[in-house]
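Structures for review follow.
Consider the two complexes below, in which subunit A is the common component and subunit B and subunit C are the respective partners.
And then the complex of A and B:
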């Protein structure tokens, strides 16, 4: 202890303390979040799932969606929305909704995979709707080129050709798709969350959806071949960059060149 | 080796290199040119170097562009992509897009050269714009440089044309969307619009001709015109000599600075490599126009985040700001069975028309208002021409509002605000932004002039507080040295010129309008401190140093 008390006024002591604190909180957070992300290994629902889901629903969702998910003024009826809708909305943290607004914002998921599955089981038991997609549609081994064409025709006008997201009217927006799981992308297409239209299986077949997911996963894995992508936002970020960084560096050089040495 | 012997006998070189250079020199007169240009004096200031940046960017554009022409094929024939970028493998596309992808992925160094070319294009127009702003705000466009200002304006338009034709060449979704907007703008022109569009595209948009035609414009006509204009521009710079900032010993009859050779030439040559280096670094580390993201052009999809390159942005922004309907008033009229789409025609052509008309005419407007026919080689500090500076900032603000509107969707998503609100605000700013900018800028310029005058007369604040024997505290002001003071007092402050009768003794209406404009320009003015005022203040200052009295109060604030 003596050595410690002698070193406590060392110039690096504050930094060491800060580092220890950050490591501790960071470590705790990492442990806490991995516990939360424990993955359910099956998509088939048991009777106990439905029962547990019903309890969770009554405690967390019924305020807006009503008892029995029949809907209130504040939230729509969930009868017939299917397990896919629940898995998307709850799995991405959009539900329970943080606040009212133009559309539900993404946030860290509030329920773990097991609880999400139970909620999905409960809602699915209320009426037939899109189910959670099968594993082989999400493997990302489809035709990326076909997926790219479908993406540009069906999705790019809101989500941007590089899937970087885009604005809709009155504060609504289409989010960027990097980092979104294949399961959630598929579920979004079949359920049309927030302001997104539904792309039913007769519009875009399950195989085509698999191709779109393959395309998105391919461009995400490819990264940006030409260097930092500046947000993949197109000419606006490029223009901003040339004015701020490019011209900024050039101006620094001009000042250096015309400064007098004496 | 004495001077007299060389003057009489012809110079006989002693070495092989000497005889070779002498041979060339006797035939092209290189030493005479070098003697003339090597002694040319350039004033040194960082803000004088933006034209140079533009010139160097253009040289880099020529070099990287030449490389790209080796591999680019402007054909719009259909093909199936067989290159190494898998997300587009076997997709149907034009040969132009396919060859652009090959440049990016299958030509060694191709992607780097494409990115150098595109970054250099953005920097070219940006440095041109900043150069023009510098020239405007310092009054460098005044006699004898009015025509060179016009040449510069033509260069700006040509640079935008070069940029836009190049932007369209890869025939990807982004550039195709851009062309579609241009096509729409052309078609909105009454009577000749549709004919012009069909002529340009060789039939209905998009046709199979446009890329080849734009390619010829992009690599032949437009660069040739730019080169011609650069030659004229630089020729006039040599004829006029360079302007200089005000300072002791500088006047309209001299140029104070460094001679071109050897130091300045070395600096300028080195600066080329600095610009090249910065662009190469940007091209190596930051992607620009990732055409593989956008896919081949197809008239049906329009991607979110579709914008032109920054220099066309203000036109795109004006289009975005224009409402189609205000209450029940529609901007699309049908006259004699023809559609007149004012909601496209007005925003696309009117703001750009106003900006360029005022830009080209401004030297003559100011010349007419001031009746100033003298040559000006000493620049104005922007604060010393408050109305001109305010006009410039108002125009720049107007431009920036339209410019920002081109990115309205990104403003909405990145600042989490409603796209509609962004549009409403920008529409409001479109009208009141320039007015506010004008008033605020003019007041700031006048305030800075008053500050200059105060400092010239009473010196700068030292931060040293002295307590006088009777208890009063004053801050000691240190007088400026003469060199610094010169900058603060050595400028012209024109007063309004009232309307004057012509040779027939008549005050014409035009002259009255000129007088009104002159009053508007110069009625708010802060005159520079006169020698008499300086003398009075100076005596005052000495007085302050030796005695303390009632009059000190005026000095301490």
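And then the complex of A and C:
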């Protein structure tokens, strides 16, 4: 303790204190969010799930989606969207929507896994729709090469060939796919959230979806050993880098070549 | 330095002021005083510069070693991952860069810091003298005279004829670069073969699509039946024939006269090739029903038959007329009714031909 009190006026003490504080709050936050996202068994719903979900729905969602999820002017009807749509929208924090805008943005999830499951159970009970995918389709052990080809045909024009995301019209955008869970990727494909088209099982089979997820997880795990990928956005960021850094180096060399040594 | 502006009015390079006999003279400032470098006076600095040059050359040696180690130590087999190949590429690039950069910067630093730096001025010599000009004229005259081209018109004329004809074989060779496209741009694989209508199939595997497969909000990337079986010119055909298939609420479609039966239950098919410069327009927003071209942001409204609502494209995307065959699969009832893709010289003529 004595050593500690002696060093408390050290010039670096403030910085050390700040770092400790940041680590502590960050750590607590990380623990809290992982607790929130811990996966519950979401494939089977009990009657109490439906009942609890109905209460949560009436309290949190009915303002826009209407009582009984029949839709109002502010929000679409949710009859028949299925459990997958709820698990995606609520699980990624897009719903409940924070504010209206070009599209609902991802944010920390407002409901924990148990509540998300109950909401999904309630909405699924209103009408048949895509269910939450089975575990074996999300294991990332499919054919990455086939997944890559399907991704380039069906997904790459909006989500970018490296899945780095891209802009759409009037403020909308296709998000980057790194860090998105396999379950959410699968659910997005079957439900077509917001402006994303639906890729139903008759278009891209469940096995093909598994391959696409495998491809995405593979390129995510491979990282970028060739150096910084500059957002994988192509000519804009790479061009900017070359014009600024590349030409800067050339100019610096020119100045050095023609300068006198001291 | 030079003496070409010494002020004498008979020499070129004189700067004379109008109306005055006074000639303004440009004073030669001479060389600035020679400044000794640190390494010239201080042996410690010279030693330091010597070490720096050696370090730069040493960097080059290390760069070469990095290259060699990366080339031989990283074993590339059939099951090597892309990540390993890219790591090797990175190391090869860095090794070569430092190998070259070390030698280059080392030599420059050596020359700048240690080699003698006495300044030398070189006089500029006259650009052209009268004698040189005369000599050149004499040479040309001699050539004309000795060839006798003026006295022997037969030789002159046959030479002219030979030179004029010699490029003709090139015309034949350039002609072999390919057949003229003629009206190949106006037709695609969607045209029915006899009575057989072409089915719409999935890209890339070529399986046919049932109308019942296409749910509302879906987008299918479509190629014509038989494309995958082509042995030659597959990419050329694909580039013209790719189609995006979407299903919307039939009430939101507003077909114009003559196009009422080009869709089926709200399922529509449009060419994926942008009418601006031919990028694939496949960014479909299923709620706004907009199609966006990623290259120049041309935006097409699906509910208005892909009318351009933003961007540089000048025409709507061509629509593919579709129907359902006896087995429930989607088929194209005819080829596109206009040439797909960007404008070209004979496009209007081809469009008239298609619709006649």
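Note that in this section the second predicted complex is superposed on the first by the 237 of 262 C-alpha atoms of A that agree within 3 Å, B and C clash if a C-alpha of one lies under 4 Å from a C-alpha of the other, contacts with A are read in each partner's own complex, and residues count from 1 in each chain.
Going forward, a contact is a pair of C-beta atoms (placed from the backbone, for glycine too) under 8 Å apart; a residue touches a chain by one contact, two chains touch by 3 or more.
Note that the coordinates shown come from a computational prediction; the quantities given were computed from them, not determined experimentally.
Peer 1: Putting subunit B and subunit C onto subunit A via the overlay, clash or fit?
Peer 2: In the superposition, subunit B runs into subunit C.
Peer 1: By residue count, which of the two partners contacts subunit A more extensively, subunit B or subunit C?
Peer 2: When the residues of subunit A touched by each partner are counted, B comes out ahead.
Peer 1: Regarding the shared-chain residue A:198, is it in contact with subunit B (first), subunit C (second), both, or neither?
Peer 2: Second partner only, subunit C.
Peer 1: Identify the partner contact of A:249: answer first if only subunit B is touched, second if only subunit C is, both if each is, neither if none is.
Peer 2: The answer is first: A:249 touches subunit B but not subunit C.
Peer 1: Determine, under the contact definition given at the top, whether A:236 touches first (subunit B), second (subunit C), both, or neither.
Peer 2: In the superposition, A:236 touches subunit B alone.
Peer 1: Using the touch definition from the top, say if A:149 reaches subunit B (first), subunit C (second), both or neither.
Peer 2: both
Peer 1: Look at A:165 in the shared chain and tell me whether it touches subunit B only, subunit C only, both, or neither; answer first, second, both or neither.
Peer 2: first
Peer 1: State which residues of subunit A lie in both footprints, the one left by subunit B and the one left by subunit C.
Peer 2: 149, 153, 157-158, 166, 168-170, 174, 222, 224-227, 257, 260.
Peer 1: Any idea which subunit B residues touch subunit A in the complex?
Peer 2: Counting only subunit B, the residues touching subunit A are 44-50, 53, 86-91, 104-105, 111, 115, 119, 122-123, 126-127, 130, 173-174, 267, 270-271, 274-275, 278-279, 282-290, 292-295, 298, 300-310, 313, 406-410, 412-413, 416-421.
Peer 1: What residues on subunit A touch subunit C, complex-wise?
Peer 2: Listed in rising order, the residues are 149-150, 153-154, 157-158, 166, 168-170, 172, 174, 192, 194-200, 202-203, 222-227, 256-257, 260-262.
Peer 1: Quick check: in the complex, which residue numbers of subunit A touch subunit B?
Peer 2: Spelled out, the residues of subunit A in touch with subunit B are 102, 144-145, 147-149, 152-153, 156-162, 164-171, 173-174, 215, 218-219, 222, 224-230, 232-243, 245-247, 249-251, 253-255, 257-258, 260.
Peer 1: Taking the complex as given, what residues does subunit C use to touch subunit A?
Peer 2: That would be residues 35, 37-39, 49, 81-84, 86-87, 89-90, 108, 112-113, 202-204, 210, 212-221, 246, 280, 282-288, 290, 292, 294, 297, 299, 310 of subunit C.
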